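For reference, the structure is listed below as structure tokens.
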Amino acid sequence: MVELVLIPLLKIIVVLNATLLGVTYMVLLERKVIAWAQSRLGPMRVGPYGVLQPVADAMKLMLKEDITPARADKWVFTLAPILSMVPALVVYAVIPFGDEVHLFGRRISLYITDINVGLLYVVSVTSVGVYGIILAGYSSNSKWPLLASLRASAQLISYEIAITLTLVSVVLMSGTLSMVGIVTSQASQGVWYAFIQPMAFVIFFIGGLAETNRAPFDLPEAEQELTGGFHTEYSGMRFALFFLAEYANMIVVSSVATTLFLGGWLRPFPNVEFLSFLGIVPGWCWFLLKSFIFLYLFIWVRATLPRYRYDQLMRLGWKVLIPLAIANLILTAIVKVALA
Amino acid sequence: MAEAIAFYVLAACILGFAVLVVTAKNPVHSVVFLVLDFLCVAALYVTLGAEFVAAIQVLVYAGGIVVLYLFVVMLVNVKRPPEAFRAGGRHATLGLALAGAVLVEAAAIAVWSRLSPAAPASAAQTLPVSGNTEQVGWLLYTSYLVPFEVASMLLLVAMVGAIVLARKES
Amino acid sequence: MSSPTPQYGPMFDTDELVINMGPQHPSTHGVLRVVLRLDGEKVVDADVVIGYLHRGVEKLSESRSWTQIVLLTDRLDYVSAATSNVGYCETVEKLMAIEVPRRAKYLRVILSELQRIASHLLWLGTHAMDTGAMTVFLYAFRERELILDLFEEYCGARLTYNSMRIGGLPQDLPPSWDRKVLEFCRIMEGKLEEYETLLTGNRIWLARTKGVGVIDGAEALALGLSGPPLRGSGVRRDVRKDEPYAAYDEMEFDVPLGVAGDTFDRYVVRMQEFRQSIRIIRQAMQGIPEGPILGKVPRLIKPPAGEVYHAIESPKGELGFFIVSDGKSTSPYRFRVRPPSFCNLQALPRLVKGHLIADVVALIGSLDVVLGEVDR
Amino acid sequence: MADVNVAPPAGPPDPPPPADLPVPAAIAGLQLAMPGAVLALSFFVGDWTVIVDRAAILDVARHLRTASGAAFDICSDVTATDWPPRPERFDVIYCLFSTTHRQRLRVKARVADGDPIDSVTSVWPAANWLEREVFDMFGIRFSGHPDLRRILMPDEWQGHPQRKDYPLEGPGELLLENPLDWLKLRQARDEADIE
């Protein structure tokens, strides 16, 4: 009973809470990092150096009036933020944060579950997240959100193709769809896939920016063009759900990229003997560190780059990333067959 | 026992959502119910041990095709007159006829599988690979290669056709 | 390919979407309202609706004394108050034939050029922000702050300076102000490199600005563009060169010109103008003569009857004042501002046609309008 | 503050140019090409002004735009002044600039209240909004203007604020006696439009 119910339940609780905490502090981190990039200080008022800012933000959002526009489709309007948030959280079920730890005399694996189609699960669950945005845009009964949701659906579907194609090249290397399996195969092959699949890695990163609506692909919520985009009409906790979903998705993309390309919980250069002293740092620390680097990149890019235009974004997706991803896939297949 | 409960609950959900898809007055609501329907179908696949098919079902249908449905429904702004919801008419007859045909087909399959019950299971067991994904892949690229290729050609032709139709005269 | 293509009817009824951009919109720089007719994201037609900030400055001036109007000109182009002050005071001086001391002329040049840099910094920041580059915005404001500090030290105000008097200036430079200005010029040159690193060579920036809102020189002239938007189309027109005022005839500077007349060229022209302004400030600082800062001005300002038009080159373009005096009262009979923002904004519907929504905000930014001046 | 005891002026002085001052080629060319159109010349603090016949304004504009000696390609400003005692109470003023000759010229035409004047938008598209503003502020109609609407004041505004007989404080109670009623009226009308 403990093995079957209690431990998974505990894991779910821990992961969900850690995620939500991580998401709120991700917001603070972004504000801080961007502020430093722009020679500002960022939030400084709530707590020392503003570390309690997320608490204040959460309180504010919860206490704010929750407004539903008069002619909105109320039913869908309420559903949309939930549809946006749930997939972002459900994905964490298959993310391997680490290998196994011994705790209270038990061997506990640092992932909620390891299913044999783990990667497909990630892709398919995140693909449902687009409904939140589309339905939010539609149900607000407002023109700017509608435009944003049209942009979003086209953008997310387009970049999903490129991302999925890069994932297939990784699967070709690992021979398994299981997230844990992909990490262990990187360990057994002695190399992170970022080094033997650099093209896929870059495409995945660019696609990841687009999938999470981050700059320079933040068109669905381009404040300067669409007055905030699909969540223009949302306020209070419902807006907060969209906001959290975006950051949760960023963490998902970072975690998946870490797992697939940066060896998950493995230490750097897992097959180099004289670096084995790095092994004293637990695996989950490496995982968090690598994900953090990714998240930092997300923020850095946002602070630096202007925004693409809609047609340029689609052109980049369809005429550059997808052909490159296909070429990379074919090349990977040929090399794999030739070596076998 | 648990499997049976899961099956009946999911089947009820599937049928319920299917009914809501056709009865919802707002086309966008219909599409939302369709998504939920597809998610339930995916869950049904999981209970059958076909995780790969379930994931593909969600990825392709719920995450891809229905998004496009929604896109179209939102764009063309269908406002059906109230008469459209009344029973009768040519469409209702056609619908009933199609439903009857599907029913007959399902019955035929049921009867046929009763007559030779072990055939499909043994096919899977004789495959040289194990694992859900591998088996699907193996079957697609060996026994069902020709239908698979024909289907992909058909999709390609449909795609080209759609582009030709949608392209504006320049 | 010669066979006639069959005519298909429309497969779906497509509607144009009419959407209101503004008057409350993050990228309309105030209270501009643009009614866009969209085909998808493409702009079919645009109608600019203005007047939300109309305060009747022209009517108001008819019941204010000549000296009080300097205050009102502060509130026209409120990010570039000093140039508006210069324009108004010079117009009245022309009307009254007042000789302005050379030192005052030099100071006017210095203040105008500092103001030009401040205004262009605001343009750069908001223009980049509109296209999503938020860091440039804060960098530009950081440097603008230095100029505001300089102005604060000079006249006590940071936005609405009231920094000119008819016949000269209200006060001489504060001690060591000139050193601070030169220090600012040195800092600014380095920062310009920083902005250009972030934008000029950036692929996304190029993609967003090149070929967007192209307008050739002849059409730009016909549409009444002036200032950097006109020079971006390659027309050599700068009031400072064509009809020199203050001490500009003694300054040596170039008029940067664009070639293609697109958003990128307008951007390049303004970036070059930063450098030219610094050049002018350095020359003026070096050559500034000693002497009085206020000419011989009667205690009661009461110009002779007549009409006068005088234009200066404000950061936005040709800022003209048309003033009619009846020679009897102590306030103008008619006070008319030729607002460059207003005339430049007129080209917006022409520029955005056929472009996407994202280009509309880029183009509003590229025209650099200030609604206080458009609506007056 | 305006001195209320002084009688309103009946018009601008328009001082004629001194006899020894040579007339610029552009103006001389205009006088030669269209002898009847130019009513008077004026020179004041270095600015040349041509006062032309209202009916001929479009031809004058076309000439000034195209003639090689004039080539006024920039229409800086179109504005007006109001001289209520005069029968032709408005002056419509065009401020022109030539980029080829680097010279300025003002053209003035007198218009009576209610009389239209030809729009010069066909010659200088820049005049479009400027003429709209003159219409908005003075109520001068420009015939042939493509889009003669109010521009700065609200569409439903009554009166023309820049006229001298328009009070500085606005029409006051006339329009805004009860702003809420007025808003409700407008809202009801807008909703009727949507239906």
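To keep things simple, chains are lettered A, B, C and D as they appear, and every chain counts its residues starting from 1.
In the analysis below, contacts are C-beta pairs under 8 Å (C-beta built on N, C-alpha and C of every residue); 3 or more make two chains touch, one makes a residue touch a chain.
The model shown is predicted, which means the values in this text are computed figures rather than measured ones.
By number of C-beta pairs in contact, chains C-D lead all other pairings.
Note: the chain lying farthest from chain D is B, by mean C-alpha position.
Centre-to-centre, using mean CA coordinates, chain B is 70 Å away from chain D.
One simple way to say how far apart two chains are is to compare their mean CA positions; for chain A and chain D this gives 61 Å.
Chain centres here are Cα means. That of chain A falls 29 Å from that of chain B.
Multi-chain contact residues, meaning those touching two or more other chains, do not occur anywhere in chain D.
Counting partner chains per residue, chain B shows two or more touched chains at residues 75. Here chain A touches chain C in the complex through residues 34, 37-40, 143-144, 147, 151, 215-216, 218-219, 222-227, 302-312, going by the rule given at the top. Residues of chain B that touch chain A in their complex: 26, 28-29, 32, 35, 39, 51-52, 55-59, 62-64, 67-68, 70-71, 74-75, 131-133. On the side of chain A, the complex with chain B involves touching residues 73, 75-76, 79, 115-117, 120-121, 123-125, 127-128, 130-131, 134-135, 138-139, 146, 149-150, 153-154, 156-157, 160, 164, 177.
Touching chain A in their complex are the following residues of chain C: 17, 19, 25-27, 38, 41, 128-135, 138-139, 142, 198-199, 202, 204-205, 207-208, 356-361. Contacts from chain C toward chain D in the complex involve residues 50-51, 54, 56, 58-60, 62-63, 65, 94-95, 97, 221-224, 226, 235-237, 242-243, 305-309, 311, 318, 320, 322, 324, 326-331, 333-334, 336, 338, 342-343, 345-346, 375-376.
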